[in-house]
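Two complexes, one shared chain (subunit A), two partners (subunit B, subunit C).
Our next item is the complex of A and B:
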């Protein structure tokens, strides 16, 4: 089916909302609560548009596209409303971008930018700026002052990862996202999977270990596979220079569709540990001494050669690594079979 | 896995046995919970009432090591009430009569007596599984880490074939692998009986093929040793040179005291690792290899998906790529190997030699990986194996198996059964997670016990207690939790202090040589 958005005719699929059609064609409609994974919440009211033949403004995230529909996202009425809503959100809380981790990738900032909001229209002292962020948990910092109550985190926690920790508490302008029965996150039942952080459109939920490490535009993304369990989750490593600053799940990645657990999202520091092995080591008189690669490899080769010469190939055995790459295991079994001439090669295959 | 993780979210019925998914495979558990939220039924069989059990439609709290009795009991109901998929069985399976004769020896009453699962629950499980098709069966190490591990696996396959659940989307027999590349290490032939791609070393044609590819003659035809036999071989001096790559055997194998004795008896140990682990400390030569993030390569996940792993940093200090180290040793012993990168190894060797991987090349897995079997460059990969009951090996063979108790069961002296596993916040012996801040959340090992036992023994939550087996003893904090049934202790192996493997028994499945980490006898006492 076809519809018209801002004088451009576009193709739409049955079941798509106006917002989904617009996004599929690169047309920006400011929106804050909608996310593909959490669905339309119709909460933030930012995506107000004019649909010809329908009374009043419509929410693009919630109205199904229909053949022949004519939509305007940029009439004065639509823009004024979008601007008003964004201005109201900016007035509730502390949305100063200077040292915010999300500066540059903040969807509220994007909306303000596209709507040309140079200076927030309303100044209301909500008192939220006085409130210290909740940094009680190991890996996630929650800053209520930056929260716009879009509800993505609440929906993801209750409907996607189904850990049922986050919910809305209090009422009206006091509405806030709480953990369990309003505990600090570190004292709650939160398991730090971080899906809420991944979906947060603003700086209300951020990765603690990433704070102060890099501006968002200094990061490049490198896709890889998680080094923990056998699910094989796809990760984007956000890297500055050689340093992994944070990890997110690849939304279109299989099998995990963006989901991660605490280890996959936050367990990335070990390659940088100071106690990594630094050189080959050779034990002499019960103690290790550093050795060159040539010396160590010569010793290994000659020792294995001697043992095989004295006791036969089956007097050597090897255990490969279930964490390292396939190519390493291939190479190790090749060494044992083609060079040492034994099938004494195994790994923790069955445990 | 015969099927894929994503299917869990759309399954109508999920049967989980011996899998603590919310902790060991959290992302898979999200899909299971999503399915339940959409109306799927969930059956959980486990000795512990863990987080997933709380989501279950039916929870069967079986006794440790009674899986076969329970599964045979369920199959007994299916067969004696004529509720199994007769057409599927007739068309695709063999040896049904043998299975039938065996499971008829396990009426629900007997299964209930052995497993502790009430007769009514056994019947309810059978009736639910008969009513909803297909069901996706998932298991983890709760099934395999027993002296009857292989039979446990057979039993899960029996159930799924009996119900016609193998070879369909949202069905299958789905073991979740514990480590990121344990599937891949198997695929690559880091096993004593097969070359890459599961081509048997005993097969002359396979040997011929690899001899030609590797430019050598006389590849050994006799299957080699599995890890437990290697360790025993160190003691008997049958094995004198031991090369350990990235495994911390000194802390991960059962009965650590004995393992340490074996390792100390070895003439020459090489450890190739990223840290000086307890195992590496016992080595004669230690070689620093690259770790995750320092090399380009691939992992294969539980769902047989080969995905890319990428380099983001230089190797730490003077660490070298692991494939380079093996290549250098080969060169010193007279063989010059051509491949000089992960991509060359995969594209020019692995995918050429393993038919099921032939269609997977690095250029095809830049984004999402491909699931083997993927035999050609045009093949899209295989999400569901044994499609429509057409089994890769021909017919699906039922294996009649009897329940056998664990090698060591509680007695007057050691009245508790100890079962072990992993916790959410750590991974194995913490070589990785201890260096990522996870200790903030979980700083030490605990012995998880039931409130009933705690009350009886006057043990309070958080109190340090003694846990002892015939092999060793540890002092750890008690964690009193409703998850535990009376008579059972549960521990992990993440911390050297309090590592469950000081206690576990080095008893193994006779064929797979998998240790019975899930069952041994212990006593607990106040300090």
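Our next item is the complex of A and C:
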């Protein structure tokens, strides 16, 4: 089916909302609470558009696209409402972008930019700026003053990840996202999976270890497979020079669709560990000494041969690491079965 | 364990009454608070959450949403003074100053001896008997500083006196307030002696379709405020399907100026039960709820007692009057949240959640309570049902004006000599109502005719107004709940606007940005203006915000403040300008 958005005719698929159609065609409609993983919440009210033949403004995130629909995102009325919401959010929170980790990838900043808002329209004392950010947890910093209460983190925590740590507490303009019974995140039952950080549209939830490490535009993304377990989660390393600054899950990638666990998201320090092994070590007289790969492999091969010659092939066994890729694990079992002639082969993820 | 085994068992028992255990969260928090001396702290919330199988964050999110739940220790007597607009007009500010002086504390504080905690609250639903002080769960109305002193003396002796309010009332219809003056009418025997439950008996002999048709024919418009035809609402239920249908009575009246439903529930509880039961039969529901605001705890007890009497007399239960029809009623107490008067927020609250309105569609008739077809009707609407069934739609339509039929309770508060509740046909003139309420004290300056959320009228605009839905709309305002707030020439409209905004900013549920952030911003601007620190730009900003917020929020609460505040600024602009120097 076809519909018209701001005088451009575009193709739409059945079941798509106006917003989804617009995004599929690169048409920007300001949106703050919608995320495809958490669905339409109709809470920020910033995606207000005019749909010909429908009374009042409509929310692009919630209205299903219909054949022949004519939509305007840029009428004076729609723009006024879009600006109103962004202005209110800017006026009632602390949105100082200068040292914010999200500067450059902030959806509120994007909306303000597209709507030409240079500074908040309403000058009031919001009372939100005095509270210190919550940096009590290992990997996540929460800043209520930057929160726009979009609810993505609450929905993802309670309905998608089902950790059920986050919810909304209090009410009205004092509404805030709470951990358990409103305790610091570090004292809560949060397991630091970081999905909330990944979905936060603003700087209210950021990766602690990344703070001050890089401006967003200095980062390049390197897609890789998580090295920890056999699930094979797809992740993006955000790299500045040779340094990993942070890790995010690949939203469009299987098997994890952006979800990660605490290890995959935050356990990226080991490449830089000073005490990591850089060469094989051979133990002689009770102490390790560095060796070359050739020397180490020759030693292992000769020991295997000796053991098999003396005690038969079933005297050896192999355990393949579950972090290995399938091809390596295949080679490993081939080595034991076809070369060593034993079935003593397993891997560490068996329970 | 901090909760006693008996209490845990009681919570379990309550959880078993509901189709979903989570619905017991508000009742459980009420019970825990009462047994733990007035507040439930972290350990108590955690235990309640674990009994009901809820995440801690969900339980705390609910506890911190509702104002009646205390999370910190409070004094033995919690003095809660209503300070919103009708109370303000009746002198609540002076009473607050007096209480602060006598107790030696400010609002929000507790006396050093732990005896009194003083709080200000936004509307207690007794606008005709202001100033009103809620002490723990009891109301003390028509207070003066001298009466307050007397009350404090009693409380210091450990006594909670039983003072009845002096509330004025009147009725020319004798339908809704028919038994208002009869103290025995709460008893089933008296109710039946005066014609009660005859309509139910008649309804038992009618088909659901015939009942819906009768109410449709009567063109009964919803008395909660919107004026939507009740019969039409019932007709929206899906015709087929095997999901249970729920019938909910909205008894959460809490908009400043509105204190009508209380008159029915408190003085004629069986009238509501009869109406609710007939409505339940009409829509094919076997379980009904009365969701009543938490502050009306004693009225909830009256309703529960009446329901128990009805159960004993087989007027409720699984075989009503031996006719094989089934209907049961649960009285469910809210916990302090105006927005729960919005039907989808009410449903959320009844499900044990934060009282945040849902996105519509779907409407409750297709997916309401527990996702099932649900009808929500106001107390006064349901109380009209027995007369419609008993005497027929035609008799009902003889009252009122075209398209605005039947009796209406008008609550009159503010600057009149006899504030109170008066039942008259829709279309009765405002002048007649004011005359019945003893006339305006001083010279009429402005009037709000439908509860705080409707546009204010100047004295000139109000002259000759007929009090029905269509006439009010034509006059640029709304009949709303029929809560009439009268203001004389001593009233400062900017002060009224500020007080109104304090109410809405306090009551905004907080989920959508234009309402939560907008109400907060308009409040901040009005505060600045009233304090004399504002500018012309602030007045413009208030008008701009109101204009844009209208129609842009998730539920009608955005309109509920933006429309009346805009009208106050527009119609009384010189008063706002005078504040700008």
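To be clear about the criterion, the second predicted complex is superposed on the first by the 276 of 351 C-alpha atoms of A that agree within 3 Å, B and C clash if a C-alpha of one lies under 4 Å from a C-alpha of the other, contacts with A are read in each partner's own complex, and residues count from 1 in each chain.
Following the convention adopted for this analysis, a residue touches a chain if its C-beta (ideal position, glycine included) is under 8 Å from a C-beta of that chain, and two chains touch if they have at least 3 such contacts.
Here the structure is a predicted model, which means the values were calculated and not measured.
Applying the stated contact rule after C-alpha superposition, one finds that A:237 touches subunit B and leaves subunit C untouched.
When the two structures are aligned on the shared chain, A:8 is found in touch with neither subunit B nor subunit C.
Judged by the touch definition given at the top, the superposed model places A:92 against subunit C, while subunit B stays out of reach. With both structures placed on the common chain, the touch criterion links A:179 to subunit C but leaves subunit B unconnected.
When the shared chain is aligned, no partner comes close enough to touch A:75: not subunit B, not subunit C. With both complexes placed on chain A, subunit A has more residues touched by B than by the other of subunit B and subunit C.
Legend: residue contacts after superposition of the two complexes on their common chain; A:43 is shown touching subunit C, with no touch to subunit B.
Residues common to the contacts of subunit A with subunit B and with subunit C across the two structures: none. In the complex of the two chains, the subunit A residues touching subunit C come out as 32, 40, 42-46, 48, 56-57, 62, 80-81, 84-85, 88-89, 91-92, 121-122, 124-126, 148-149, 151, 158, 164-175, 178-182, 189.
Taken in their complex, subunit A has these residues touching subunit B: 138-139, 159-162, 191-193, 209, 222-234, 237, 239, 242-244, 252-257, 259-264, 266-273, 275-283, 288, 291, 293, 296-305, 307-308, 310-311, 313-339, 341-351. By the touch criterion stated above, subunit C contacts subunit A in their complex at residues 42, 45-46, 55-61, 64-65, 337, 354, 359, 505-514, 516-521, 524-525, 528, 541, 545, 548-549, 551-554.
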